[in-house]
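First up is the structure itself, then whatever we jot down about it.
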Amino acid sequence: MPNKSGVLEQNAPNANFVMEGKSLYNRRAKPVDVVLKLLINGAAFLCVVVLVGILGYILVNGLGYVSWKFLSTPYSETKANLKGILPMIINTMYIVVITLLIAAPIGICSAIYLTQYAKQGRLVKAIRFTTEILSGIPSILFGLFGYTVFCILFRLQISILAGCLTMTLCILPTIVRTTEESLISVPSSYKEGAFALGAGKLRVILGIVLPCAMPGVLTAVILAMGRIVGESAALLFTSGLAYQMPKGFFQQIFSSGRTLTLHLYQTAREATTPDAMNIAFATASVLLILVFLLNRLAGLLSKTLQKGTE
Amino acid sequence: MATNMATKISIQNLDLFYNDFQALHGISLEIPENQITAFIGPSGCGKSTCLKTLNRMNDMITGCRIEGKVSIDGEDIYDPRTDVNLLRRRAGMVFQKPNPFPMSVYDNIAYGPRVHGVKSKSQLDQIVEKSLRSAALWDEVKDRLKKSALGLSGGQQQRLCIARALAVDPDILLMDEPTSALDPISTQKIEDLLDELRGQYTVIIVTHNMQQAARISDRTAFFLLGEVVEFTETKLMFEQPKDERTERYITGRFG
Amino acid sequence: MDRTMDGQEGREREKRRNAAYRWIAAGLGAVMILSFFLPYITFVFRGLTYTVSGIQLAFVKGFWVVGPQQSGLVTIPLAVRASIVLGLLCAVGGFVLILLKKPVTAGLLFLLSGISPLLVMAASGAIQTAVTSLNVSQIELQFLWPFFCTLLGGLISSVLALRTQGTERLAESVFQVFACVSIGSVILLTVYIISAGLPAILQIGLTQFLLGESWRPASDIFGILPMILSSIVGTIGAIVLGVPVGILTAVFLSETASPRLAMLVRPAVELLAGIPSVIYGFFGMLVVVPVIRNMFPEHTIGDSLLAVILILAIMILPTIVSVTETSLRAVPAAYREASLALGATQTETIFKVTLPAAKSGILAGVILGVGRAIGETMAVIMVAGNVANMPTLLGTVRLLTTGIAMEMSYASGLHREALFAIGLVLFVFIMIVNLLFNYISKKGVQIHAE
């Protein structure tokens, strides 16, 4: 038997390799381990330092300049007493609200169709694939597309509406995918229960499935809000850089208006005096706080979502 | 069989807690060298837990705490001076489900020696062949050493895991229900292999299967609700159990 | 029971209601057909107005524009004619089918007909360009009420037609239409980017465009090799710096950190992901660039490829960390146990077993990071210096993305088309990256499924 010979070899006194003594009482760290552990901790430390560095640098320089006056005054490049960011805040709100008004229904309805109606065949797979691909496309390409299609082809000019339509394309894939995931995670027993009571499909979807998936859908919407607030490249050519105060509620939709991000971009690039730099810092601080509040909100929501499914 | 009765592992008054729950109550066992010792008992009785204290795999479970003393060759393995890695090298472990690494057969065996500082290719080749031969797997895999170990059958994978454990020169082999995930033929092969290893390694095998314990072990410990009810020579335990609970268990009246 | 009593009566009522819907939809269809024969668009041109109906727009050849230097026939674009004919045919088809009680197809046709004004609107932009190119004066297009009749009538009549099939059917169709909008926009975007980018590439010549070393729009020289190389080198640099840090941080989070420390580091990484790219650019401009300038005062003004690399490395960190952490957590605990049981230390286990087992997931994360780095625009534009030089570590560079962003606002003619072509090149890069990502993440799934 072949394994017999193996055993015979094993019986020989020569062990596989030399052990340094038999005693277990020989505790010491391997140098390579120590170095690698240091590197691991160092990397994590570095991440925290980078974050604290960026946050600290911007907030320390900017928060002092943020005041109610700063938030509530219009902006002018020439007049020294008009250096507020009110128009940018309004424009940002316009873009966030209108974009969500367009994108959320389309995205949610698409997700409902894909998960509840469409036959789970090749088509749905293809759709999923394309949305995945789309979510990787850089925003500058969306900007390019939005500029030529919405601003020029559809004659919207450089306007907030054109910016909103462009942002709709940007965030649609994310909304569709996140909503899809939360719709799929609704236990099918809920649906079956409702069907068993004789409810129609639409009623089951609107009354049972969608409410159950609501925290997930809301998280998607809030993440999208964060994305819109932080977006700049897609809006540079579509919603433009104008900073006038709105002349009318609807008129503003069709005129150009810069968001907070673009305001930061523009003031930072053109700043020559320390005062101008302060405006940039303060804008950056406001932007950071806004984005973090949104992220926090999304985090809280997804936590309640997890609790719900447990 | 009982000629060599030197104690290899000594467990004294071992209590083990998972947070507030006490899983082991005052276990005391003297496990003899170079014999096969079986731990049997109904599931949840603490036999696997007890096995894991012997190479301190329980260290990884948060909230796990032990009291009492476990020593190998007279050295307390829970002593602060103890090198856990050296301990685990000397007490190899084979798990319930075969768990080869997602690497080639060769690299699976060579993993341990490499970790412990063997670099020379020829020496590694030698160790791989020897370990595979010891695990009665060499003839089956010698032509596919460079292929992924995940392509082997379940039984082959388990013998590979045994070979992998043997490659680092352990003197103890801890086996946690090594055949429970295998078919009868593979189980038979593992049992044959254990028979070959008898006398060279101190083997402790946890098993659900009483016939298996009866077939291969020299001594058997019967665990119940975190306690050792009886620990004696296998033959004695199965022919004339001292404790009534042991008798009821091995005759299949509860399980 | 109420239900059975009401059943007969309810069905009767529903029948009557559906008939009413059908007739209203048919009426709207008739209005839509009519609207193509009514004044549709007014061209306002040098203070004069020309009003044409939809059907005229479809069949007249074009109109003569007499300018000071040039005169010419401005033809009506084929797309405009096609849209109008399509709209009219769909309206007629819908009208006939609804009378034949085929509401589903009719609804679809009405919807298509309702979209046709939008297509006309989009396609008629070419008329404006053509007139403007004759250097006469601006031409204004005004769309009249029948135009909007078609739009609204199409939407309402399609909803009514489908409503006759019951709420369920209507709802499904509505969801379906929205799904089509999402998918359609994706397809449109792709088609558009390709079709807008190709002409310039064909005109300039593929090799000249891709391998040309200088970019001088004023003299019609369009070579983007410096931008391509800068983008690639910048991305590689960011990967070289960011990936090790990212992977090690992920190891920290999933393997070595105590829960409390992980609770500190994980939010930090998540916050990094949330910072808008303009702020990264701002930080880079004020901190990274001056530091580089002060370190090598003779060699650089600070804005440089190095600054780009540093900023991008920070920006891809969160992606790498989160994807790697997820794939590390997916590695079966049995591998770790087996390694530890052989006497390997925790670090040896991580680097020799856990990380190799998670390698396809980590690779997917890296590729995702590549995609993010190559597409980043606003952060980079603020630190790159934006001169189209061949990439050197301390020299100013222009990347594909910043190339577009810098000049889009004033470019025209071939210059603008060349910018679209840059967009196409960027798109191709991203597609390759995405397909790779898809391929690798699928492969990863298969391995874990085994």
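Letters A, B and C name the chains as they come in the text, with residue numbers starting at 1 for each one.
Here is the rule we use: a contact is a pair of C-beta atoms (placed from the backbone, for glycine too) under 8 Å apart; a residue touches a chain by one contact, two chains touch by 3 or more.
Remember, it's a predicted structure, so these values are computed and weren't measured experimentally.
Student: Here's a test of the contact network: exclude chain C and give the groups of chains still joined by touching.
Tutor: The remaining chains, counted without chain C, form one piece that is still joined by touching.
Student: Any idea which chain sits dead centre by C-alpha averages?
Tutor: A
Student: Work out the mean Cα position per chain and let me know which chain is farthest from chain C.
Tutor: B
Student: Return the distance between the CA-based centres of chain A and chain C, expressed in whole Å.
Tutor: 16
Student: For chain B and chain C, what's the span in angstrom between their mean Cα positions?
Tutor: The answer is 59 Å.
Student: Could you grab the centroid distance between chain A and chain B? Build each centroid from C-alpha atoms only and quote it in angstrom.
Tutor: The mean C-alpha positions of chain A and chain B differ by 50 Å.
Student: Can you pull out the residues of chain C that are in contact with at least two other chains?
Tutor: If we look for residues of chain C contacting two or more partner chains, we find 345, 348.
Student: Send over the residues of chain B in touch with two or more other chains.
Tutor: As it turns out, chain B has residues touching two or more other chains at 86-87, 90, 116, 168.
Student: Looking at the complex, which residues from chain A come into contact with chain B?
Tutor: Checking each residue of chain A against chain B gives 2-7, 9-11, 15-17, 19, 22-28.
Student: Under the stated contact criterion, what part of chain C meets chain A in this complex?
Tutor: 118, 121-122, 125, 141, 167-168, 171-172, 174-176, 178-179, 181-183, 185-189, 192-193, 196, 244-249, 251-253, 256-257, 261, 264-265, 268-272, 274-283, 285-287, 314, 317, 321, 345-348, 350-351, 368, 371, 374-378, 382, 401, 404-405, 408-409, 419-420, 423, 426-427, 430-431, 433-434, 437-438
Student: State the interface residues of chain B toward chain C in the complex, per the touch definition above.
Tutor: The touching residues are 55, 57, 60, 85-90, 92-93, 95, 97, 99-103, 111-112, 114-116, 150, 161, 164-165, 168.
Student: Can you list the residues on chain B that touch chain A in the complex?
Tutor: These residues of chain B touch chain A: 72-73, 75, 77, 79-84, 86-87, 90, 113, 116-118, 123, 126-127, 130-136, 138-139, 167-169, 193, 196-197, 200.
Student: Along chain A, where are the residues that touch chain C in the complex?
Tutor: Going by the criterion above, the answer is residues 30, 32-33, 36-37, 39-44, 46-48, 50-55, 57-58, 105-107, 109-110, 112-114, 116-118, 127, 129-134, 136-145, 147-149, 152-155, 169, 172-173, 176, 200-202, 205, 226, 229-233, 236-237, 261-262, 264-265, 268-269, 280, 284, 287-288, 291-292, 294-295, 299.
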